[in-house]
Every structure is written in C-alpha cells, then in structure tokens.
Amino acid sequence: MRLDLRPRSRRSPLLAALSPVLAFAGAVFIGGIAVALLGVSPAAAFLTYFVTPLSEVWSLQEVALKAAPLALIATGLAFCYRANLWNIGAEGQFVVGGLAGGWVGVATHGSEGFTLWILPLMLLVGTLAGVAYAMIPALLKVRLGVSEILTSLMLVYVAELLLDYMARGPLRDPAGYNFPQSVAFDGAARLPYLAEGETLHAGVLIAFGAVALATLVLTRTLFGFAVRVVGASPRAARFAGFSDARMTFAAFAISGGAAGLAGIAEVAGRIGQLQPTISPGYGFTAIIVAFLGRLSPPGILVAALVIALTTIGGEAAQIDLKLPLDLTRAFQGLLLGLVLGADVLARFHVRLVPGGPASPRA
Amino acid sequence: MRAPAIPPLSSGPTPLYGAYGIVKRFGDFTANDGIDLEIRAGEIHALLGENGAGKSTLMKILYGLLEPTEGVITHRGDVVRLPDPDSARRLGIGMVFQHFSLCENLTVAENIALVMPRALSGRALAARIAALAETYGLHLDPARPVWSLSAGERQRIEIVRCLLQDPRLVILDEPTSVLTSGEAETLFVVLERLRAEGRALLYISHRLDEVRRLCARATILRAGKVVGACDPRRESARSLAAMMVGAQVSALKPPAAAARAGERLRLERLALPAPGLHATDLRDVSLGVSGGEILGIAGIAGNGQAELFAALSGEVRAPEAEAVRIDGRAVGHLGINARRRLGAAFVPEERNGHAAAPGLSLSENAVLSRHATAPLTRFGLLRRRGARALAQAVIAAFDVRKAGPDPAAGTLSGGNLQKFVVGREILAEPGILVINQPTWGVDAAAAAHIRQALLDLAARGAAVLVISQDLDELFEIAGSVAVLHAGSLSRAMPRAETSRAAIGLLMGGSADPAGPPPALGAPAGRPEPAHAEVS
Amino acid sequence: MSLDIVQMVLVTVVSAATPLIIAAMGELVAERAGVLNLGVEGMMVLGAAVGFAVAVETGSTLLGAVGGAGAGLALSALFGLLTVGLAANQVASGLALTIMGLGLSGLAGASYVGLKREPAPHLHIPVLSDLPGVGRLLFGADAFVYVALALVAGVSWFLWRTRAGLTLRAIGDDHTATHALGLPVRKVRFLAVLFGGACAGLAGAYLSLAYTPFWAPAMTAGRGWIALALVVFASWRPLRVAAGALLFGGTTVLQLHAQAAGLGLPGQALSALPYIATILALVLLSLGRRQGGSLAPAALGRDFTPHR
C-alpha cells in the first residue's frame, strides 16, 4: 500500500473549514478509546471534559481566563508561523514579560497618591520585555543565520530559571516567612475585575482586542500582505521589496510582545504576585492553538476556547474521574497532529493505492 | 510470447520499442492523447514539439516515471509494464535528463553509483568510468562534487551513468539546451557513435537545425497528439516549424524608428561576489541602455544571469551606489521599490514563486510588484478594489486566459501567467524594463505577444534589457547583443554587425578566432572570427 | 589531581554525554535523509517512561531498553505518517510530537513515580576494569555507553560505506533528482524517521534505567532539544556529534562541581549553563562559517509529494 497525494487544482474552502472539525472529532474518538482503556466510561469523560465546564458561571469564567492568554500568544505566533519563522519560545517570552512587568508591581508596592500609571506601566514593561527577549533569536537568525527554533526554545529554560531565581531571591517578600514569592501587588497594580465578586478580569478584553486588531492587520494592511507573501513565497516577497530581516524582527517583536503582554496580564490579573512559576505551559499550548486555528486570528479565538475547555475539563476529570492530567496534554498533542494531517485533505486528493510498499514510486 | 501482441504501425522489422495509444491525463488536463511511436535499433529518432506539446510526459512514461492512463508499451513486440525506472533500466532504457537529476553535494562517482544495479566498489566503478572516458572521450574526475562542475560536465555524468548500464535505448531530453556550441559538437560525436553501435536514441528537442542534422526519423507532437512523421533531413526548418506550431507564426511588426533618448540604464564596473556555494561572481560588468533601445544579454544558464538580474533589480544591493544608474541617478544602494519609484520595472525568470506567488490571487499578485508605484494602499491599508481593477486591466490588455474572476496565480498555464506578469510591469509604463527569459516555456502565440509588447514599449521611449538564452529571440527583438559568460559581460554588438555563430562562440567562453574543434557533419556552427573579441 | 579523580570526572562526562549521543545519532540519520524531526524531546521522554515501566514489570533492564526504543519508534511512526506520508509541515508536526510525548509519558509513568530500581549493570572484566586511572572508564561502563559508541561507528560506516547510506544521503540532498532516478524517497525517509525514533526512545530509557535510575515526569529536561542542536553543531557528522556531546557532558560536570565548590553563583545560573552553552555553541559555529553557505542536507525540512 502506498499513499498517493495529488494537489487539488483548486483549494476546497469547505474542506479547509471542515478539516479542523474532523481532526477534533478524530481526537475525541481516540481519546475516548484511551479513557475506556483507563477504565472510565467515555460518555462520562466526554461530559466532564466538554459539557460540564460550560454549564456553570464560575467554570465558564475559568475557560475564558485560560483562553485569553492562549489566544493572545497564539495570535502573535500566527504572524511568525505565517511568515515561516519558527518562534517556539513564546513560553520564555511570557515568563520574562510577567517577570519584568511584575517587577514594576513589586517596586511600586506601597506607592501613595496618584497610582493610575502603575498598571499601564506594568503592561508596557511586560510587553517590551517580551519583545526584547524575542529579539535575541531574531537577531541571531538575521545576523548569524542561527536556527531560531533551537535558540528560542533554549531561552525558555533560561527564562524559567531566571524567574525561579528572582522569585526566591531578590524579589522575595522579606516579610513573607521565607515563602518563595514576592509581595502581593497593590490594587493599582492589578487588572480590574469585570464584575464584582467574579474572577473574570480585564485581561480577557486585552486578548479579544488583540485578536480583532490582528485580524485587521493580517487581512487588510500591506504589512499583513507582506507576512503572507514572505511565508508563502520568499523569493516573491523579496521581489515585492519586503525585507527578510525586517520581517523577522517584526514577526518576532509581535509574537514576543504578545507573549510578554499575556505574561504580565496573567501576573497582574489572576496571580497578583511573582512566584517561581507563573505559567502552566501557556506558551507551548499556544502553538497548538495557533495551528488548530489555522493561523487566522478568529480561528485562533475559537481554538483557544476549545483548548481552554479541555484544560478545565481535564482538571475536573482529574478530581471527579481520577483521570490523570497528562491525558489532557496527550490529547492536545494528538489533536495538533491530526489537524496537521487533516489539512492535507484540503490541499490534496489522497488515495490509498494497493501495491508493494517497496515500490520505488513512493 | 513470441508473437507480437501489437502489430507494428509500419512494415519492416519489429521495432525495438513501441508505444501505442498512449494517453496520460492529469486531472482535467490531457498531456498525451493517443500517441503512437516506434523506435528501431540503430536510429536517432527525433521527438519534436513545442513546450507543452507532451514530449516530456511521453518520455517520462517510457522511463517508468509516469504510468500512462491508457495505452501499452512494447519491447521487441512484447507488451511490457514499466512501473518504475528500475524496470525501464532493466529493459535497456536509459535516460539523460534535461534538468539533470544529480545531487549537487555528492561526488561524480557517488552520483553514478546511485543507479548502478549492484553496489560496485569504489575502485571498480572508477575503473569503468575511466574506461568509458577512454572509449567516448567523456572525461570526468570521479572525486569532484557536482556543484563545482559546468553544465557540460554534468551532462557527461548523466551520459556516463546511462552508458554504464549498456542501454539499448537512450532518451535524451533537450540535451543541448544548456550546452555551448563546442560542448554540443562533442555531444553529437558521442551520439553518432552510439547510433553506429546499434543503439536507438530518442532525441527530444525543439532545435530544428540539430534535428535535421542528426536524425533520420522524426515524430512531431502538438497538443498531446502525433501530428506528423517525417525524415527531417528532407524537410526545411520552416516546414518542420510549421508542423510543430500548426500555423504560420505571424511575424513581429518591426519597431517603428525608435525615439532615441539618452542613456537611461547604466551599469559601471559592477562586481559582486557570489551569494552562495552554487552561484556565480559578477566581474566588472558594464553596460548602458538608451531610451528606445532593446539590449539583449545572451548566455548559457548559470553564467550569472540570475545574479545580474538581482543586481539590476535591487534584490541584491551593489557595493557602491554608482555601480547602477537609472536616468543618471546612482541607485546601487537602493532597494527594488526605490528603483521602481524611479521608473524601473522588472520581470524575473521564474514565474512561479518569484515573479508571482502561486498561492495568491491575481489581484494580490498585482499588489506584489506594484504596491510602491500604484495607488494600491492608503495609510498602510490595502485598497482591494484598486488591486482588482489593476489585475483586470492587465488581463484585458494581455489577453490572459483564466478560470474564475480572480483565481490563484498558480492555476494559470505558463504562457498566461507569463503574460500576466509581463503585462503587470508594462502597464506601469516603465522608463526602464529589465526582463529575464521573457518567453521561457511559453507557447508560440504568447511568446509573439510578449515580444511585440517589448518592441512597442521600447518604441515608446523605454530602455529595455532582455536577458535570454534564446538567440532567435534576441536576434528578433534586440538592437544589440552582449554575452554573459562566467560572470563577465562582453561588449554590446549591434545586431547588424554580428552573427549567431559569433555570439554562440562567446557564449562558450571562447574568444579564440580559431573556433571550436572540427565539427561533425555540416559546418553549421562555423564561427566568424571578426566579432569574437571580448571587451 | 590524582588519576582516579580525573577518571571519576571523565566517567561522569561520558555518562552525561551518552543519551545525547544516542538521540543525536538517530536524529542525524533522519536529517541526512532530509527530515527534520523536532519531536526528539517527546520521543525521548516517552522512551524514559515506557522503558522504566517495562523494566519494573519484567525486572529486565534489557527489556526496558527495548521497550523504550519501541515507544520512541511508535511515536516516530506517527510523525513519519504525517510528514513523509501526508507531507504535513515538519516543524509543526515535530512540536505536536513533543507535546504528545510529554503527555503520554505522564500517563505511562504515572504509577511508577517514586519507584527505584538498580541502575543498569556495569561491565566488569576482572583486572581490566580495575586498572587504575582508566579501568572504570574503558571497561567498567554500562551497556548503553558501548551502544552509543557502536552507534557512532555504525552510522559513520553506514552513511559513507554502504549503498543504502549513499541512497539516504542522496535523498536528503535532492528528493526531486533522486525520485527521477526511481529511488524510493518516501520509503527511505520513513525508515530514517523510525530509526531516529528508536534512538531517541533508547536515549530516554538510558536516563531512567542507568543515569538516574528512577522515573520522574519531564525528566529529560530539554536533552532532546540539545541533541537536536548537537546535530547542527556537528554539521551532520557522527564523529563531531560524539565530540560535541562530550563537550556538553563537560558543562554538566562543571555545573555539578561548581555547585559542590560553592562558587557563590545561584544554582539556577548553573542549571542554565547547558542551555546557554548550546546557544553559544550555535553562535560560535556560525561565526566560524560566515562564508560558504550551510552544510545542512539541502532538502532538509522540505516536504515532498511525488507526482504520478
């Protein structure tokens, strides 16, 4: 048997839209088998993962709170991936953004009088720190031709260790009984809640705004056009006068800035202080979200909600059904794989042709 | 199995190989439509046809690279299946590819060892390569990496690789398209010798002079069908061309007396180091093109054409601003869009992926090269309506055939896409146009349309620089011709004062008035020493 | 320093380098065939979990190692199906593999967290293994170390001395040309991917069976990524991979010793050392090669769809 791929003369928009849905169905099916093998009823698991979180106000808020950083980071990453640049260090840029912005929160702790400037400054510093951190792999790629994949990934570990050091060392709350965490931020250094007594904070609005803005930029501006051309046809992009180097810097700045902003929004929103770890892997999960959303911002928004749903559902499943949390991660990886595979359906006619696998026609 | 499964088309001995009723469809497109072909031992059989006539598809079927949708192939009268090149090789079919199927970073010996039936030890293989070199004069250094070799040497690898398998049929796909005239002469000697040994050769070409010289039989393809068979020695180039094209190609309208303006494009001692391992240095290239003039740059592929184009367009910047001048202004340090704003326009060689992004729509491809010079953006926002209008204007002016209102560029045929990218630049009414291989792989009608557009543009006062491998094309439209060889440019020679032979000699890098070694057969490539000097 | 201390340091260096060598050898073969598999970390961590689980259940280190290799192989088969069979994007598919491997390893290893078992047995040859200064280094290592050495020699031999190795290199150089010659591009690539997966799994099993004889979630700690960097750093040459791995092993040891010596550097800075060293190595490499272009296999990372 061999797989025969023939390019479709015209891209099928129906299949293009349908393929992530098919992939999702496939992943749910395989996940169901895995759940059954772990001795749990797939139906019960499906309810816990995908339905229960949608049925209560608090868990709906949780889904939105988890989806917000994912959507924000993934939207930034979409610029990179569209341009064929592989920033896989968003996790590090997230951490550095949270650390730098959080530092402002720690430094301004106890400020009196007019304090309205503190939160915007934190967000700005966090964003810029993310941009600066993403500039390292961009610079190394442009100037020295070093693979951005490896450098951006290595910098994740460095950022995590840096945060760990800062939270346990210089930024630790001196009055905190040696707990490895900073002082709790003042109210002026926290993102405001959207409703009294609820958990939903303004970070969700930031993410939503970013998605809308990115949609506009990618589809309606010359810069967005340049991003698309650079990725699809690098030589044509050079012919159009779009510089590779500038595009590398711009795309890394956007993705790093988005990740940094997401980082500080998480610190100033949900966490409210600096801790040795601030991310449950948002930067990596966002890669799945970006591809699941087919690298288009509106799709990413939907994908972020779906992934957030499975994460919240996974936490519930751990408590209610004793299903391990790692199941969620394996499911997400599987989903990404299937999405990439299903994309082939939209691009090619796929046929299984009988015949020996040793045939050199493959 | 003795009895022939298929009766031969013609009387005489059973053909060595036969192909009957070959049909090959790619989706809706029929590349081969019921082709019959017979090849006998000891003949050089020409397969003639224009680009897109179906020659390459038929050849790939005979070599087992494609499976025919319908039809059979016979060997000595028996029906055979060729599911893969290995089976074809076992049946004695060898192939010399046009776009060489060589791995650049492997050595000559490694490339040859790749297709040997059994693993030959390094030493035994080297001995056989040396023996072949002796017999046929095909000298090769087995240890050299392929990227360091010239086109002629690369073709020698292909031929040696083919001959090591002792084939009874050798398929040659456009073998002289990348060769200098001297290299071609050497090749003809080898081919004649192979024929004399009783092998069959299938010679695919659109170069009528060569075919008339080498081949005793020719099969002519047009639009996937056999439209004729003949003895090319008894035909004239004109009658063969008429069979290939199917109609007399209308002659170009000669340019009106060109309005001679001053010099508009100037290169002054431009020197650029090669950008990569497999590229060519540009050495002190100087040229000038005046308004109303078409300057042709001849040369064999890989002698610096791509590098010259990039330096002219600004995709690669010159070390000094003064090395490139547009209307007197030094622009060597400027990028492509700055040069466009000064009135220049560019058409690169490769349509898919360079001049146009195949995945983007035609209107988006209009934005690609015109966003800096046409009103297609406002405050960084794209004006989609403007882009669609521009694309429509190009489509109308250049008769671009397409499916759907605004299809992806990649869905157009080669000729139509080329008309689109040429039209896109010409509608900008540039003062300077640089175009690389304007009609490469384009059907005759589209080629005529494009050439006429270039003549008309020059007549309106533009300076046009045409880089082309096609000497016929240059002699048809260029006022003068210079030759690019190994990154150096000869002085420009007015068309009236030079000849194809002189240009051909320079293309081979020879400035020697004595010319190439004695040629086989008719003295078609006899050089004219008077013009063979390099400035 | 006495000879025995030198030997002790070298033994530590070698054991830190062993998983990198094994994983990088597999990836080298895959990349030489033109496939960039970024999922090494995922295959490695799954190999560690499955290897440990199998070893605990069967009591056999050998079966554990086989199990680890098999797990990496299975995961790489999925990758091969996606990228070689379906021409999906290699970078994204590799990332998917890493994420999936991390998740699956958590599942597979869940009930084995905190268990300990004897580390893989070390070779012991009377007299030879007890030679002062070199005995433990040369004749007293565990089987994985010798497997790593054999892999370096074997892969070098295969790539430059066999017909199949030549075919593999040719396919990695130009899949269009090799396809036109009728060479089985996709089959060779798929097999190369499988080999890479088995090696990555085996490297993971080494971690949980010999290096730190227990299983902990995400215990590979980026070693898969370092192995990937090593392949680039070594310009796709097996011997240089081994040399590079020993260098990285050296930084690990430096880190341990600096910690013991109490240099006053924070522990996190020392832990970051291997990652920073990787970046520096890549930078230095490219500084040393400003001209002449890349040495990477020319078709690396480009997908291939044959036309029929």
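Observations on the structure shown:
Per-chain numbering from 1; labels A, B and C assigned in written order.
Everything that follows uses one rule, which is that contacts are C-beta pairs under 8 Å (C-beta built on N, C-alpha and C of every residue); 3 or more make two chains touch, one makes a residue touch a chain.
This is a predicted model, so every value here is computed, not measured.
Between the contact lists of chain A and chain B, the overlap consists of C.
With every chain reduced to the mean of its CA atoms, the largest distance from chain A is reached by B.
Rounded to a whole number, the gap between the C-alpha centres of chain A and chain B is 47 angstrom.
The distance from the centre of chain B to the centre of chain C, each centre being the mean of the chain's C-alpha atoms, comes to 45 Å. Distance between chain A and chain C, defined via averaged C-alpha coordinates, is recorded as 28 Å.
Among the residues of chain C, those in touch with two or more other chains are 182-183, 307-308.
Along chain B, residues 84-86 each make contact with two or more other chains. The set of chain A residues that touch two or more partner chains comprises 6, 359-361.
Per the touch definition, chain A reaches chain C in the complex via residues 2-7, 34, 81, 86, 88, 140, 144-147, 149-151, 153-155, 157-158, 161-162, 164-165, 169, 284-285, 287-288, 291, 324-334, 336-337, 340-341, 343-344, 348, 350, 357-362.
Residues 38, 42, 78, 81-82, 85-89, 91-93, 95-107, 110, 182-187, 217, 221-222, 225, 228-229, 232, 266, 268-269, 271-272, 275-276, 278-279, 282-283, 286-287, 294, 305-308 of chain C are the ones touching chain A in the complex.
If you check the complex, the residues on chain B that touch chain A are 27-28, 83-86, 313-315, 335-337, 340, 346, 348, 350, 353-360, 364, 367-369, 371-372, 377, 380-382, 407-408, 411. Considering their complex, residues 64-67, 84-86, 88-89, 97, 100-106, 110-111, 113-115, 119, 276-277 of chain B touch chain C.
Across the complex, chain B is touched by residues 162-163, 166-167, 169-170, 173-174, 176-178, 180-183, 292-293, 297-298, 307-308 of chain C.
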